[in-house]
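In structure tokens below, several structures.
Each of the next two complexes has chain A plus one more chain, namely chain B in the first and chain C in the second.
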Partner chain A sequence: MADPLQGAVAEPGSTPAAATAPAASPVGSASSDGSSRGRRRRTLHGGTSIWVALLWLGPALLLIFGVVVFPAVQLVRAAFSKYSITGLRLGDAGTTNFKNVLNHSSLPTVLANTVIWVVVVVALTVLISLAVAQFLAKDFFGRKVVRWAIIVPWAASLVITAKLFTMIYDYYYGTLNLILTTLHITSGPIDFLGDDRWTMASMILVGIFVSVPFTAYVFVAGLNAIPDDVYEAAKIDGARPWQIYWRITLPLLRPAMVVASVLNIIYVFNSFPIVYTLNDRNPGFLHDTTITFMYKLAFKSAEKDVGMSAAAGIFNVLLILIVVVVYLRTLKWQEQED
Partner chain B sequence: MAVVTRAAPAPMGTRRKVGWARARRYVLPLVGLAVALAFLGPYIVMVLNSLRPSSDVVQTPPTFLPRTWQWSTFGDVLGDQRFLNWLKTSLLVATSSTIIVVLVAVPAAYFTARVRFAGRTAFLFLVLITQMFSPTSLVVGLYREFFDLNLVNTYLAIILTNSAFNLAFAIWILHGFFSSIPKEVEEAAHLDGCSRFGTLTRIMLPLTMPGVVTAVIFTFIAAWNEYVVALTLMLDDAKKPLTVGITSYVTGYEQHWDQLFAASIIAIIPVVILFAFIEKHLVRGLTAGSIK
Partner chain C sequence: MARTRTALIAGAGATALVLSACGGGSGSGTAAGGSGNGATKVTSIKLVAAEYSKDHTAAFWKQFADKYKAKTGITLDVQVVSWDSIDQQSSTMIQNNNPPDVLNLNVYASYAKDKLLYSADEVLSPAVKSDLLDAFVKSGTYQNKMYGMPDLSSARALFYNKDLFTKAGIAAPPKTWDEFEADAKKIQALPGGNIGYAMPLGPEESQGEFSIWTFNNGGDWKTDGKWAINSAKNVETLAFMKKLAVEDKVTQNNPGKTNRAQAFDLFKSGKAGMVVGFSPLAGALDTDKKVNYGVAPMPTKEAGGTPQTFGVTDYLMSFKKPGNQDAIKAFYDLYYQTDQVNTFIKDEGFLPVTKSGLAVFASDPKLKVYLDTLPNVHLTPTDDPTWDKVKLAVQQNLGAGVGANGDPKAVLDSLQKTAESGG
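Now for the complex of A and B:
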């Protein structure tokens, strides 16, 4: 893999997108043949030493190593340590913490919740966002207002939105129950956050609600990158609208789809405030995902076990790495099949 | 459109096309209204709930509109010292983190976009991996680190965390923007005797302003909305940011729904304005930054 960014999501470059990127300046039209450019580059960049590179990248490396890599190391260290309930390190624990996590009675539930949460939220988000993006790309009266409206759930803090939904979902005072009973869709109110049959669905709805705006915007960007002449050509050839969508729009949206789904998998998997806030009053881990499970182990549960939480954290990091890598591999493999 | 009509001269189809073209003018804005309402609906509930006394929010049967309109909540919240402290923290943390991210990400993104050097791949890979971590998954490690450094309950810890975890996205976006500028632009400047740093500040940055603005606003918003790290590291009520602070309006002990919602609205407004401001760049930023 020559360039990791390219490997994952394709680097921007000689693309339709690049044509709309800010650089179509007059200087860009200066012609140059490959060989002379290569020679010039060598004279310009050939002597780059590691020290020069460190000068430019140093601050970034410092920040990444200090606040991402080092805590990751600390996490590993904590996972192999024993802690008192107040968070003091008592000594080595070997692999006890990992075993405790794997043998935790709630683990199967938590894992199943995580799978449902990630798969349903990401899949429905992508589907809904495709429709929304297609709609936003059209020209109509009031489009700007609609675009601004869609931004709001993206801009608002997740905790605030989650808190708001605890009120909207409320059994006695909630607006949703008011709407449902007023329209006679249900005979009585539903306890969305207290009734175990509804809790996950209620959380998923909020998850989708906050994920669609970003995803739709990625798709709008993807749609904008498709040149108009492709559509013109298809129309001249007599393609029907759904054929155009299925054969042209969707395949050309593929890069946007990859970006949107990978980022969404990461965000939704790591999502904390929604599950944590909406699930606040339920004891135990019945509706927790692996992330809130991990957090509660250290800071909220009866155990307050930092070591065990760290072990769960390591499982989390590995899990998301594996999922993303497998997903990208599958895509690559599919691409080669085509 | 016209081409298709001519190619398929069935009168039925033509009539339907004309009918749709006319209906489209009314149907699309109506669908747009529905979509806008779907996304704004919950926040409309929030506004309405901020305009009624807390006792009216929790009263059966519920009503859509306030039974009593109470306009004083916003004034109360803005006069509440607790709220002002949280607001101060949010402003301080978001601004500092954004400044750090820009200062750190711009050189890194520019250098990796332009120069091939040993370790470039490794660096970009590191950035990509960072993107996959969230502060949430590392929160225990972060807590241990700052605990050992005696930085729990300090602004610095939160600012550093927000900077580090937003760095990857900023580098990613900027890397895309810098790469999209033809090399010739810079080489001309080089030949004119401009240093690499001079090229960056005088030529590349003005050309990639939309990218920089996008990165700035994204970082600011992410830091403004950050929750888990602040929840874990800030124990002192006066030093909490808005996201953590306002949840204490409604707890098991006190229930000030009106204040919670008014404070939420005050916290959301600046972010929505910032977002609306980059709305035009948003699509372009995402395009150049991540999509081929």
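Now for the complex of A and C:
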């Protein structure tokens, strides 16, 4: 992960150096560690060039510090502060906020919900997207229309999608219940959002619905990147379609799969609008994930404590970081096994 | 390590840049330093107002700002914020030590407790204060000083669907809980899947729904200055509500998980026989012209009881900032002029908060049922900062009491505990 970043940082600064030293290797091949390090040393000694570099980097740095670093510092500061219900900072809190989060009676429920939510949504999204991508990668009449249609749920605002689904799921007027009862699939309407047995499943369905487009497109790109001659060779060797898929398509899709699953884990974990909107009628934390838990702690629950919420926010960042690192490590380890 | 430190220093620099940019852009006149009486007078103040309706709120405050500017020469920056996000936004402003000058919200006591607010003695003219209805002066008073100035009020009453009542053979709206229960059963029994009573005990405003029921049973949140959430009367009330939902099955599905907006929708569609509503609901029903409805006082537990009206008022509060006191005083002077406050209230479909306003609205026969009760209206204990937290606890927990396995007493006991421990 660190290599491309270093390369990117070195690039703007290296421009003047490249101009004075035309013999230097072209930028594209300069990503090897040795050459980029050597060049950076040269530019640093060059005097003015560091200011030129800063000038070029300035807007980006400003943005990063304003949007990433400053809020992060504020988050940590808030997590160690004691706040009044109005938001007024009353003083230092030490680690009280963190302890309060860890001792919260609903934390086990919330964590279990988060695991179910992330695992089920990501797993089913990947499975469904694999099928959808196979379909979209084929050449057929009207493919363009279908491709556009699949983009729609991705392009629509999540809040709007979630609101739409509250109408579809509605106990009295919902289209889903209308279909189910008219076709006599169920004897009466189902309270998809109020019945505790259905709430999580209903939210997961929407989660999958909005995640599939992006994932499918990642897979379509992955499928298109697989050269045809590999398939030809397999066919000549007499491989059956299923064997081709299992032995060739899937292994070659692995990079796309890693990208799609990591990004989906992060997106789904951080997904706020779906869980919050579909769950807004339910009191308490019975169906909340760690993200909506954090929000409710700050503004909706009886705690109404910004400091405690900030502490929960730090736990959230750590949690997703650990999950992603562990996931990537496992993959690497598997790769080495292979 | 060295790299990290450089990054931090650069970060601090950038942050300072961002911050100073924000400070410069806010256009607020309060940047002038100093404190106390010697402070420079402000040239602009900021109002954060709650959005009561898309159509009227912003329009009202815009014309108000123009008049205010013409009168005082001070600019009034108005930011209209939806109810969904106003708690979050006001909290963020306080966190960043950047409160507005005037804030419009449904609570104030916590802000008063944090010593952030001007009291009425400092910013309200005596003539204005004496015009406010006593019930609202009382609810706006924290520790003997008034901090929450009522901007408008609403009172709840029982809305009933006349057509469904006729179909079910009910002659008049119920006066007692027994009659109520019997009527709800009759409506529920009508063919066509109707609902006797739409009961919203979901997190949006369960404290309101419960208040109007328990007030009519002689219950209350506090008695003699002490929390009484698990009093016998309150337990009896919640048990009755659970009976309606679970045993009689005369409510909509899952009342503990239904928000007020959804209950109103059921009544507006003509499906529900009764709902506790307020004047904005009447406005919506009059626009739709779909439901033939009547409005009646809430039934009481015992026969012959005096119906109690549950009222709600929202507040304007003003934050202590150097040099803004006179500007705020001028703000209230203008707001409480008869043609301002009452125009706002009329547009939004709410009820007056002043004695002079009562006279203005008296001509409207549709409002009579509310206006008669307004001076004696029964409010929630908004004057206690603990209530600000108790209210949230009620919203997140009360609904569980009317679930199939709900235990009304246990729910109220735990809320009482929350209240006694200070929220």
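The rule we apply is simple: the second predicted complex is superposed on the first by the 286 of 338 C-alpha atoms of A that agree within 3 Å, B and C clash if a C-alpha of one lies under 4 Å from a C-alpha of the other, contacts with A are read in each partner's own complex, and residues count from 1 in each chain.
Keep this in mind: a residue touches a chain if its C-beta (ideal position, glycine included) is under 8 Å from a C-beta of that chain, and two chains touch if they have at least 3 such contacts.
Every value quoted in this text rests on a predicted model; they were computed, and no experiment measured them.
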{"item": "Touched partner set for A:G194, first chain B, second chain C, both or neither", "value": "second"}
{"item": "Chain B versus chain C as contact partner of A:Y171, first or second or both or neither", "value": "second"}
{"item": "Which superposed partner A:N316 touches (first chain B, second chain C, both, neither)", "value": "first"}
{"item": "Touched partner set for A:A298, first chain B, second chain C, both or neither", "value": "both"}
{"item": "Touching partner for A:V306 - first (chain B), second (chain C), both, neither", "value": "both"}
{"item": "First, second, both or neither for A:F70, with chain B first and chain C second", "value": "both"}
{"item": "First, second, both or neither for A:I185, with chain B first and chain C second", "value": "neither"}
{"item": "Per-residue touch tally on chain A - higher for chain B or for chain C", "value": "B"}
{"item": "Footprint overlap on chain A, comparing chain B with chain C", "value": "61, 66, 70, 73, 78, 87, 172-173, 298-299, 306"}
{"item": "Complex interface listing, chain B residues touching chain A", "value": "3-4, 7-8, 24-25, 28-29, 31-33, 35-37, 39-40, 42-43, 45-46, 49, 57-64, 100, 103-105, 107-108, 110-112, 114-121, 123-128, 130-134, 136-145, 147-148, 160-161, 163-165, 167, 171-172, 175-177, 179-185, 187-188, 190, 207-211, 221, 224-225, 227-228, 232, 242-244, 246-247, 250, 257, 260-261, 264, 267-268, 271-272, 274-276, 279, 282-284, 286-292"}
{"item": "Touching residues (chain side chain A, partner chain B) in the complex", "value": "1-5, 8-13, 15, 17-18, 20-23, 25, 27-28, 30, 32, 37, 40-41, 44-45, 48, 50, 52-53, 56-57, 59-61, 63-64, 66-68, 70-78, 87, 132, 135, 138, 140-143, 145-161, 163-165, 167-168, 172-175, 177-178, 209, 212-213, 217-218, 220-222, 224-225, 235-236, 238, 255-256, 259, 266, 270, 272-273, 277, 291, 294-295, 298-299, 306, 309-310, 313, 316-317, 320-321, 324"}
{"item": "Complex contact set, residues of chain A against chain C", "value": "61-62, 65-66, 69-70, 73, 78, 83-89, 171-173, 189, 191, 193-195, 280-284, 298-302, 304, 306"}
{"item": "Footprint of chain A on chain C - complex, ascending", "value": "7, 10-11, 14-15, 17-18, 87-88, 90-95, 110-111, 113-114, 116, 202-204, 206, 252-254, 256-259, 262, 266, 269, 271, 385, 388-390, 392-393, 395-400, 418, 423"}
